[in-house]
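Following are the structures in question.
Here subunit A shows up in two complexes: once beside subunit B, once beside subunit C.
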Partner chain A sequence: MSMDHAAAPTRQSALSRYRLLWGQTPQSFRIGLVILLVHLIVAATGPLWAPYGYSQMGTGIPLSGASWEHPFGVDQLGRDVFSRVVHGSHIVILLSLSGTALGLVVGAVLGLLSGYLGGWFDNLLQRLLEALISIPFLVLALIAIASAGPELSGNPILVVLVVALVYAPRIARMARAAAMDIATRDYVTVARLRGESAWSVMRRELLPNATGVLLVEFALRAGYAPVLVGSLGFLGFGLRPPTPEWGLMISENRALIIITPITVLGPGLALASLVVGLNLFTEGLARILGRTVRLGAQ
Partner chain B sequence: MTDTVQLLVVRNLTVAYRQGGGWARAVDQVSFSVQPGEVFGLVGESGCGKSTVSLQLLGYRHPSTKVEQGDVLFKGRSLVTMSRPELDRLRGDRIAFVPQNPTTALNPGIRIGDQLVETMVAHGRAEQVKGAAIAEVLKLVGLPADPGFQRRYPHQLSGGQQQRVCIAMALACDPDLLVLDEPTTGLDVTTQEQIVNLLSDLRRRIGVAMLYVTHDLALLSQIADRIGVMYAGRMVEIAPTHEIFLRPRHPYTQGLIASIPLIEEQSARRSRPLRGLLRRRELPAGCPFTPRCDHARDRCASERQELEAIDNGRAVACWRWREIAPIPAETSVASTGGRQSGPVPALSVDGVSVLYGPRGRGFRAVGDVSFDIKEGEVFALVGESGSGKSTLARVISGLVAPADGTIRLRGDQMAASVGGRSRDERRLIQYIFQNPDASLNPRARIGETIARPLAHFFGMDAARAKAALADALHDVRLDASYQDRYPDQLSGGERQRVAIARALVAKPALLLCDEILSALDVSVQASILALLQQLKSEHGIAMLFISHDLAVVRMLADRVCVLYGGEVMEIGAREAVFAPPYHPYTYSLLHAVPVPLRRPDKPAKSRGLVEPKRGGVGCVYAGRCPWQIEGVCETERPPWREAPGGIRLRCHLTLEELSARAGWTAAQDKEIAV
Partner chain C sequence: MPILRLVAGRILLSIVTLLIVSLIIFGVLEVLPGDVATRILGRDATPEALELLRAKLGLNDPAPLRYLHWLGGLLSGDFGQSLVSSRPVTDILAPRIYNTVLLSAYAFLLYLPLTIVPALIQAIRRDRPVDHGLSIVTLVLLSMPDFLLATMLLFTFVVLVPVLPAISLVDHSSDAMDYLRAMTLPALTLAIVMAVYAVRMLRDNLIEVLDSDYVRMAELKGLSARRVLLRHALPNALVPTLNVTALNLAYLVGGVVVVEKVFSYPGFGSLLVDSLQLRDLPVIEATVMIAALVYVGANLIADVAAVLLNPRLRTA
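Right after this comes the complex of A and B.
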């Protein structure tokens, strides 16, 4: 009983503290979060309530345009585009997030070590990363897929690896800049004087202090990852039909855009709203983190 | 006194800052006045609201700043209600501001001549610009007035020259009031002396009134006519300068004065730290100083103390002022002189030189420095910035590899860089940095920060480290509950204690203390100093204590080494270094330190700030030395001289000549210099 009494006020104050925090968040963060939540809910529960299956044919008259029954119309093969968009949601989100996450891990480790160690390791790695960054990202992705060979094409793991390959060098550069800044702080010097290994310094001193930068970088990259995945699908280098991947769907229906624009617009809108949501969220997040970082420094 | 003769009247000024959801009071009902031509000093610890007051004298407005009550009257006009265009006409013209940090106050992309003109043009004095006005104002602040100098950029000037330019900019329109916010805090003690001399000189010549904001009470005694002491946003005492030092009335003022380390006294009086810390969140309704006051009664915490006029222009906000006698300063036992056990010194530095920059054209930061530090001894390195003190500490720690020379720890030669040293060697030398904000990982709890060396050097597991942790915190007089806190929940002094604890748990033989007090408030400094003195006697660890503050060095050090331009000028036992015969540089350092109530009777004595002549054929101090022998010092290396009392110094003048000159007055100096 006494435990409950003690716990109640803290829970209450925790709740009001969260409410206060929410009140202080920027508008872009709130709007972005709402859009993102809608997408996540659709991705998680979509297959349970989507009116039709993603490859179910004969759901209506092909190319019949938007109606209450088929909000995004029906494609050439008689598949309901709305159901396909709903089914494809988790594919796009999973591919984007896991690709970006892999890029973050690789990029952060390389970048932080490179910024802290400096010297020939830094020089060599940076030239390599610059070479990768200088290639336009879509071209780089296509080169990587082409060199992986035909037997791997259409494999979702390949798409994840390609997203990581495109983003890792860019994230590494940000991580390196952060590490170079943090490495000048005295607490890093203290660790160095203690004889800590570079790995230990990175894990204990650099990484905890670079989380703000890395989090924003992750959200920013994740915001554009659906575009990359969609572009690959659109060009036919991503997943294989009949996977309901949005870029692939836009590609499949683009020839008929004059007759039934909604079949292209539907997946296009879904993609656009995800990207806008992610970007608003990122912008808000960056502002919140920037604020706390500033406050912490005072 | 009526308002008509007052230049500036601040009446019941109450200022609040937006904080979180509400407003936090930074200044609470502060009243004082400044007469024409008067220098009024405002003193207090950081966070006491002194800078907030100074900003209000400029009519500073910001959406997150609110003047809740009161008024600031300048020549009878209110700055609080004045319209923006009117303020713009007044600011820079009648009231001018000299900021703390000249490096950031000057625009790095504009030549200084052009920056000086800006103020004049803004106040419709463009016609003056054509005339000799700029040259005049530059001459006024002791800068060369030639066009070549006016065409320089700020980065081509030294810190002292930059501050002179800032003062020149403030004086450009011949203002009635100069507001100075810690104008010498970032400067060397010799540069500070010159700036303060310049300010008192300016005041004599052009009769400008000044409001001088600083945390340094000793410095104020050199220049101020009256001093106002602030605490937690309230004015607690106002008095003429002499009165405040001779008969401080408020307990806080008494505490502040007692915590000033004094350089003069032979018995090395221990400065008495103020108890506790200013915690603005936990202030009582009455006198804000109650929690830290030795004389507090119940009434203090509940009843608000207003400034009460007591006699000849003094006022104090304490109802017990009649009963409170100043607390006599503690006289400490004479320094134990260190445990000089064993013939092998803890550390010996032999012929170390450091070059920065490209080979051949490099910059010689340290040149041929040798010294020993005995076990348990506090060895102080003093000198102004750029003298190579920190570079030496970095060489000893292995962060910087010397170009020449060796470092021995307990007799064994160590590798030049930290990577080549053994685990034990790294453990035995621990470095404590100047700025405690930067030396603790902000994302690690205090416990993790202190436990890391335990795990690294002794392989301790979490359970054993936990016990050691409490001991370590106890050693630096912090509560064991601190281990769960993050650095931003600690004050500057507490963070520095944590940094000291982290160094101590490694059980070092030598602590490198690099200006560890200079980022702290005076009263906090005194308490850290007391801690270091206790650690010295409890643990017997040798310390290399780097400081530009000679008063602190005098209280703590056993031996002192004076560096200039990277070379040793004088080295020896503390009392011998602080007594004649002085090396000329030691002499100028000692006389640049502000001592309460000892006004400088001389104009700036040394020959201005000249870059040390590094790696030249003569003495590095030649060119700046007031006692220079023409034709000798600039061309020949000075010889080492052994003086009684165990000091060695390096000068062309003989010991007899040096002893004689130690008693000279400024007038004689001038004759020699001419």
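Right after this comes the complex of A and C.
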């Protein structure tokens, strides 16, 4: 590290170093990153160039199928499905990422503290997390939404909280295992003997050394979050119409799949390609960090 | 017998977990939302109607007492009465559970060949185009939400090649053929979702085993490639996959919720979604408890099987 700083790299050498690094990354990482970038660009800029508004009706003949003007067809209300998919992109990505990030923060803090402290706190927390994991995640998400009540249903913040609730226990389990391993190292013992509080040991010793585990865990969970958000929308427990969330759109257009299959395949392609990109990225990231990861967040 | 003690300990832990699950479910559905009666009947309900429902649900008792009463009912097999139809929850649940068990059994039957055949092909043709192609297919299927996969299968077998019904309605009057036709698409969806996880694992295991010394030995003895693969490599590669299969059973409990809803199959999962929409609390609570029971049971089996198959874990 100190060598790199001392060399004071010029712009040129920095560029070539990045190119060298890029060349060493696994292929899955590169393909995943490219797919992700495309999705992120669409999410960030989509509302500027989407041909129509997401709830604009009368854009074409309803159910007229795919054409140059309407690549994903027109739904039964006369809305352009391609525009709706583009407008929905940032919704799906924002909800997924913020839900996973919240779950990561809560799960990491609980898991690291639990693994470091042990004792009754660890025991109690483990039983609670074990119980939360024992409820199939979609079922847990559904009863959490049911409990929040009709006033909050369809609220994006509720969806974010539910994604976090589903993921936090699973992330905490990984973080706990990492913390129990790190806690045996000498530098943690030294920190404890210095009289540092558990919170400070967690923040300064455990967290930096668990970054790799947590990063892969975040990517893995984020990869499944769009599916969870979509499943909730599909079942009618997520966002409300006319929000252009992809799962909701698939559910809305499904009844007319016989007439215009493209109105279902379009949002389906968007959703599947986002998840493929995230999964490839995760697999590559895990390989770069020297970890193994089993895709599919069951 | 240390192994018996280990298994007994695991069972005890599972029971504790289920007790906490029951506390969570009761707390989330009946304590957190405030006044449950208003929640069920809506804001426009008359005070009389609210009072009647409170009396019917026993909502005037303190929460801990209600919890114990509910738990006692669960343990003695009395799940209470549906708020919507006033029928006993057990009567509503029984045919739904029967349908879902049938569906799951069918899905498992399809799951076995869907796992073993692609994994064998990939292992034999390792690093060839077929292997890479199948890897891409499993990755895409892995990334595809189950409701999307279900919709695509529906589109393929109902619209493109119309051989199967779009809606999987069955009841007590349906004969075996009706059931088979109705269950094929939902079962195929569940089987594919489960198989993609197992295929990727079985392929890696097979390749590892094919490189091992005893497989080399079997080849050197002059056994046919077929015999080496099926009698020597496959059984050993299947052992780690058993764990995934038990976890797949756990997936099924959640998976049926979406898949049954897509095909309108009258099983346990669509019952949960319907009762959530109707806010039929006793039915919701019963279905979630059963889902957790199956999930915990499947994980218990996976753990115990892992210990039995791998003696090194027994000391842990």
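Criterion: the second predicted complex is superposed on the first by the 281 of 298 C-alpha atoms of A that agree within 3 Å, B and C clash if a C-alpha of one lies under 4 Å from a C-alpha of the other, contacts with A are read in each partner's own complex, and residues count from 1 in each chain.
Here, a residue touches a chain if its C-beta (ideal position, glycine included) is under 8 Å from a C-beta of that chain, and two chains touch if they have at least 3 such contacts.
It should be emphasised that the depicted structure is a prediction, and the values quoted were computed from it without experimental measurement.
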Subunit A as common anchor, with subunit B and subunit C clashing or fitting: fit
Contacts of A:V42 with subunit B and subunit C, given as first, second, both or neither: neither
First (subunit B), second (subunit C), both or neither touched by A:G195: first
Subunit C, subunit A and subunit B - angle at the middle CA centre, rounded to the nearest 10 degrees: 90
A:I143 touches, of subunit B and subunit C: first, second, both or neither? second
More subunit A residues in contact - subunit B or subunit C: C
Touched partner set for A:V159, first subunit B, second subunit C, both or neither: neither
Minimum distance between Cα atoms of subunit B and subunit C in the superposition (Å): 8
Interface residues of subunit A shared between complexes with subunit B and subunit C: 296
Residue ranges of subunit B in contact with subunit A within the complex: 21, 397-399, 418-419, 421, 423, 426, 429-431, 433, 435, 438-444, 449, 452-453, 456-457, 488, 502, 506
Partner subunit B, residues of subunit A touching it in the complex: 20, 185-187, 189-196, 204-205, 208-209, 211, 296
Subunit A residues within the subunit C interface of the complex: 127-128, 130-132, 134-139, 142-144, 146-147, 149-150, 223, 227, 230-231, 234-237, 247, 250-251, 254, 257-258, 261, 264-265, 268, 271-272, 275-276, 278-280, 294-296, 298
Footprint of subunit A on subunit C - complex, ascending: 13, 16-18, 20-21, 23-25, 28-29, 32-33, 39, 42, 139-140, 142-148, 151-152, 154-155, 158-159, 196-197, 200-201, 247-248, 250-251, 253-254, 257-258, 261, 272-273, 276-277, 279, 284, 288, 291-292, 295-296, 299
